[in-house]
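The same chain A turns up in both complexes below, where it pairs with chain B and then with chain C.
Coming up: the complex of A and B.
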């Protein structure tokens, strides 16, 4: 697959050079790349899912290490892995169903219309989710008789392989890949439309005559505010400019062009203004499993100010931003320092910043981080495409999207391969 | 003196409380004098009442003095009155007479304590005291005792002038009258009044008024005496002693202060029951005057008519900040320049400073204040009293017009407001006997002294204190560019301490870059970051040093916008926040948020990012109705984020700010 290799390399370079802006775009491109990988992957007769998983993992590992800060890449890789596992499981259950009448009836209950999940991969995925998910209250109550499904939850490629042997292999070969690709398409679709789904909830959160503060620029926030505006809500927006990238200027421009009353302020005026603000609405770079947020730099300050004045701090995040990892020292480890030239003119201070000058370290250091970590206690609410959630609920939401086996992509692959 | 001193120290707190209240009252009481009466205001009866009021509440607001001051002297708002009081404090002299006689050994105590002040007066002991006191303050103090003068070298009112300051004398008389037995009071009061009258050459009707004043004073005195007699029996001994002690209390700061306090104490003590109402009035006066609200159409119109500077109001203003002035930037400068030769009312030196404010060449509380004072110095030097006019009044009016010109250039900082208050006080307190040239010289030296003592020396003291808080290996964070903090850092570096500096900066002024350049030039190890990165960098910081434009009475630090953010993040990371601020910037105003009072900068500075041509998305939107650009200059940091305030009086918690404002205000007025 030289062709495939080229695509991957191109993407890797983009990631390494930080040419990719925005987690949404990154997520989408990652998903598309993985879809290509899957479709190019030759699937052996036996153990198909394991082969797919290995292929995705090896590419995923490269992608993640290319830009470990861009958590969306890792999220999508894990999502795809999870999809493969689910599809595989649902196929095996379907196969079992074909053999075993009693389990068919079970499947009927769960996946309402789909006795034979041949065509609609999405429906299968839904069905599989409900049956294969680790025990939740719902599954416990509804699926009591489904004893066969629960043990399968833990089954990985190896197990399913054993079971798959009993199934009809020839029909399954194509089906698995096809189903997976269908599901990945759906994922891409989700990523594309997450703005709209989040924006739909705007009316429930933004009231008449409110004053809303945001910092930097986020497309999700823009859509959210505009959605409320379209519903005839009139409110005012304070935009902090978000130095040194000044994306607030872009956001302000967009908001003005859509007819919202906008006030642009400096970042330093956030504390001064927050006492008159009703709600802080911001976008995020990533949401961690503990409910903490990796966000554009400056937001920790805003969150502290909001807490001081009891102003709700609302984070908008598409589900592709949910990261199943728990952060450790995120301010440093999940951060990235950008060029000092954004803060200072090199001309003036260049001799002070020269490491080759005199003894040891230079006199002047310039710190220009990209991200801030906002701890979960400062966040009032997450609004995702699946609705509003508390920070403490994030771990549970994450369990819906990822399988526990994939949390550590890298180590798996290194030990496995 | 020594023996007293020790007791004083013990008693100090009580004395102080009482002392502060009293002064305002006196001013009122002083009003009976021709001048004061003519000026307007409460007049003698008020005086009586007020003292009683003082006695009532131990805790009063310091500002009243100023307001009260302003009343007696029409033109001079605050400072003047305090000065007079000083002379009045001589009134303290009456303490001896009042209290000592009844309570302890009056004669012994009074002479010893006041010895310096009390020359042998022609009129009466009291009067003598008064006179003596005043001279003491003044440098000349020919008659004055050296001791008093020594304590207040800077102040330098003319003693001769003191005589002229009949007002204080009258006050004294009134006050003294209360306490004294009627007969004595009469004599004393009469004597004083006469003196005052004589000295007040200006007032024609002085005699009549004085006589009226006398009568009133007598009546009141008698009344008071009765009341006092009852009250004193029980309370006075203690209070009297305390008062005496109080006199000694602050030898270092100034005998005058002590005297004032005594007066107040004595008055308060003697007439605790007399009247509460006057106090209420005084309190109201004390409250700082409400600032001009620019959303008040009629007042704005009025102000515009008077304005020298032609300004167009910014069109697109933020709703929340309608109450603050905002003008199109850049419209004033050319207009002003063209008017340079037409503006007679404004002295060229003042004009120059105004232009520098406008263009932003001078910024920073201290720099602006010093520039303004120097300009005033020039203006005073070139000033000559027009015929038929009184130097004090005319000069004050002149200064007021300068000040309003400066305000049009840029709203005053609180430090400047305090300095102006000081200067007007000095003018109001000028002895009438002084010749014009003497008065001018005196005022100029007063200004120089204010600059050197309240700003330059204060900074040195602050540096000395703050350096003790820097240890080897520290990482110090500072925000923006504060002259005091810069001096601290440089001094610590000179002392050979090993530390690192983090400079946090923010748009649009980017003052931190200037500081960075200077510090790096001196070889300090620096880290530079924008304010957004403050929570990233705060992990490694061990102390935060911040400058302040002002510290308000509720402990709020009013400073460059962004300071509150830095202090908040530091607080969240458990890093101590030290605020460095000279005490002359303290103000009795209170503020809870940054919106009610603030200053708006040029909005265009927000949309343009110098050096970043790529950031131009707002270029074409400047005229859009929907887009507003808000450039706040200051913000208010809540006091709970602040660990310590370093001032020239030492290192204090923010809760102690009102105490300093109250305790040192007067002294600061006299210098």
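Coming up: the complex of A and C.
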């Protein structure tokens, strides 16, 4: 347990000090940490899912407040919570089915019990992935009798059956934890492979001799473009440098090393170049529930330019970037201002900031935001690991991944304190 | 490994609502330092208590240890003690507990290690940052004095360090050997010393060997630079994109607070939780607000303001460019601008604060006013409607009476490199709570000092301290003072007519003779020297009766060495003659005339030697005119007569005089005084060119 505390602290410090860069890495590490939390958590006999949810929530709350701007942390916490609920649900439905069965024949062998829930959990997960089934009203209603179903099973059980029932339940307890960990592993797997999954769709979107424009650097975009290149598509890429961090330079370097025809332009030249561009492909920091995008600074301008010239504006985002919150939510911190030193040289401007003379109040303000908000109407298409979607479809996708109960992770304790 | 030291109370003072030491420790932690020794001397108990209760002792991969000492008064003592304890074995980073930075130490450490491999004498790497000092006040934006550094541009070796340069002269003096030993050096005054030093273990033993080293810069750095026997070297590492500064005085407290609010220290900014600071949210215009504040709807919180947790703000109150601490209560119609209000302060209705620092627990009764630069120490009470005059400091304690010794101490303190923000805040919070209450009972406060109900003493300035106060205060230097300084600089400029202000930085090559820009200036100076020399030569000739030929020889050699023309010699010689005549005792104008004519007659041969051409003769006339106007007004009534005498003695020809007259025709009226005086004579010259000597002789 102290070891766990140490792990959580270490991760918290990393988040606080802004040492973690990139949502994919953050998402993955968050998922791994939560997996550890779940596996360490002792589960009581009754209401195991609640205990797990509490444990994940308490850690998740800390993680989210440590770096509120990195929305991927919150997304993963909510995803894990959702997984726990889903697994619990499938387990209890299976148990109810088992109960029905056991009422018919008491000496049903345990092997069947073991197989059944695993199958159902996997089936539910698979069904969720493939058919994009929303949490229907039915499942929500089903949830209510489930909670009462558990004590009912033990109470209704006869004295003779008490021993075998408790053994059965402890195995089911372990089952729940086991299943949740399995599912979290799957989630980690998903995060790991999201680049490939997105990149697979590249050929469907990039055509021969097209001109693609992108801004800044995104690993997803890089993989996407390279995947198209590998499939023998020949096209050109315009890279806007992405001031003030100039990550576009790195992307251009990387693209050239992979043999892509690349043109590097300044951010301000985007409008002039956009008429020659067939498609804008960019990465995102987060995708909000309304289909709006939080993206590296400068992208709103690119999106507006693209709209002006009717150029498709395509956003690539792994499913861990889907955020169930709306941008008007006060809990969403849309932006982070970084150090002005990225913009200008301190030494050169030091006399502008000499507070010993003049009014004593700073006359020079330097604003260096990290992100832009691109409203959904400017986005033509989202490409996630599950395929291409419209901005207006995002809320549906989100309903698949998150349960409505978890949208506010922090709220529970802030009202409590 | 890092060693770190600090002065107790000061590092616990809040900087943008976070104890200063948290900035330092958070930076060290994020820079990958694993072991920190906190050296505590005065108020060590407080610091140790604080650290123990903080989260710093429980960090993984980051160990904080305290070293306590009550008799170390300077950085030197502290380092000697650390050496004795034998806790540091490798390279270490030496900083004080009031450093705010976000630089990465990796590169500087690596450079230091690589240099060490090549040269075992490279014992220290100093971190510097570019920051221009003010041309007007000759102080950096952190309120410290202008710093001059000579650095070898190739090796980055520090060759010269002067932070107490006398700016009034506008000149600094470098050892000539610096130029001889180095192929090129660059001299900077736009570098800021960050007081972050990467040291080899030798530094500790050096301090032990030189038991009189106290101050890290004044003694140690300068000592090493001067000492060429051991050959220890100090190098510099300049940081560009990252931030580093040290809080030395109130001005730097103000400047660094503003830098933090402007996010130069990112990620150590109020809305990022780098230590236990509670979550503040950054809103528009650089407004940081904690989650739990009570703010009236009509209150206006202006730009670049930080409001701490649990603070209440009343109606129509306006706050701008300020930091308000935790748990403060601010009434209605209060105006706060550019001020730093610490925790649990009560400010009643209608108060006004301008560029002031208000410490914990202060109560300002309604209508009180703080003028710029005021510092209110812990738990002071300001009476109703009382106006605290600018730059005054108010404390519950009496000002130490032994001003001299105290100042001495403070000076030593300053020099120790572990400085209190001011002696005052240090001494005051030494004894915070208990004593205060006792004092309150025993002493009845004179109402006169801080208004009715006021509690505290106003400290007076130390002698000549007013200007110092201005320089180091939180308040900006007032406009009239600035105007005064600018005026002083302009005067200087007129006086010297050259760029006595050094360019921010420049590279001096040893073979460039500084000769480019100072032609005008130098020639002016040199002509004065030349005249003096000629005069001395002439006087010697007069007194020692040296023959004319020898004088000519001497004057010629002077002429060559000063690179002058014959005309200059003639002018100078004539000047010396007239001066001699003036200095020879005389009773009346006629006697003076007699003296002059005698001397001219006697030395006309000498003068004649340099009057080969008509131009030189004109020069003599002009010189004489100048003398009459300026240095020897006694001659002015005699101008024509002496001129005639010169003509008579054939020193000056008729043509020269006529030409002089022609030249003067275009001049101003004021310049024509002597032409007018000599009008008759010139007239006569024009009319009767030949053989009229007799007549004139009589008239003369």
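Please note the rule applied: the second predicted complex is superposed on the first by the 331 of 417 C-alpha atoms of A that agree within 3 Å, B and C clash if a C-alpha of one lies under 4 Å from a C-alpha of the other, contacts with A are read in each partner's own complex, and residues count from 1 in each chain.
One rule holds for everything that comes next: contacts are C-beta pairs under 8 Å (C-beta built on N, C-alpha and C of every residue); 3 or more make two chains touch, one makes a residue touch a chain.
Because the structure is predicted, anything quoted here is derived from the model rather than measured.
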First (chain B), second (chain C), both or neither touched by A:17: second
First, second, both or neither for A:65, with chain B first and chain C second: second
In the superposition, chain B vs chain C on chain A residues touched: B
Which of chain B and chain C A:346 touches, first, second, both or neither: second
Contacts of A:6 with chain B and chain C, given as first, second, both or neither: second
First (chain B), second (chain C), both or neither touched by A:338: second
Partner chain in contact with A:365 - chain B first, chain C second, else both or neither: both
Doubly contacted chain A residues - partners chain C and chain B: 340, 342, 345, 348, 365-366, 368
Contact set on chain A toward chain B in their complex: 236, 238, 241-244, 246, 249-250, 252-253, 255-256, 259-273, 275-276, 297-298, 300-301, 304-305, 308, 331, 335, 340, 342-345, 348-349, 352, 363-369, 372
Parts of chain B lying in touch with chain A, wherever the complex brings them together: 318-320, 505-508, 513, 516-517, 520, 523-537, 539, 561-562, 564-565, 568-569, 572, 593-595, 598, 606-607, 609, 611-612, 615, 617-618, 621, 624, 626-632, 634-636
Chain A - residues contacting chain C, complex: 6, 9-10, 13, 16-19, 65-66, 333, 337-342, 345-348, 350-351, 353-362, 365-366, 368
For the chain C and chain A complex, residues of the former touching the latter: 26, 29-30, 59-60, 102, 129-132, 134, 136-137, 139, 141, 143, 190, 240-243, 251, 254-255, 258-259, 262-267, 272-274, 279, 281-282, 286, 303-304, 320-321, 337-338, 355, 372, 471, 475-477, 482
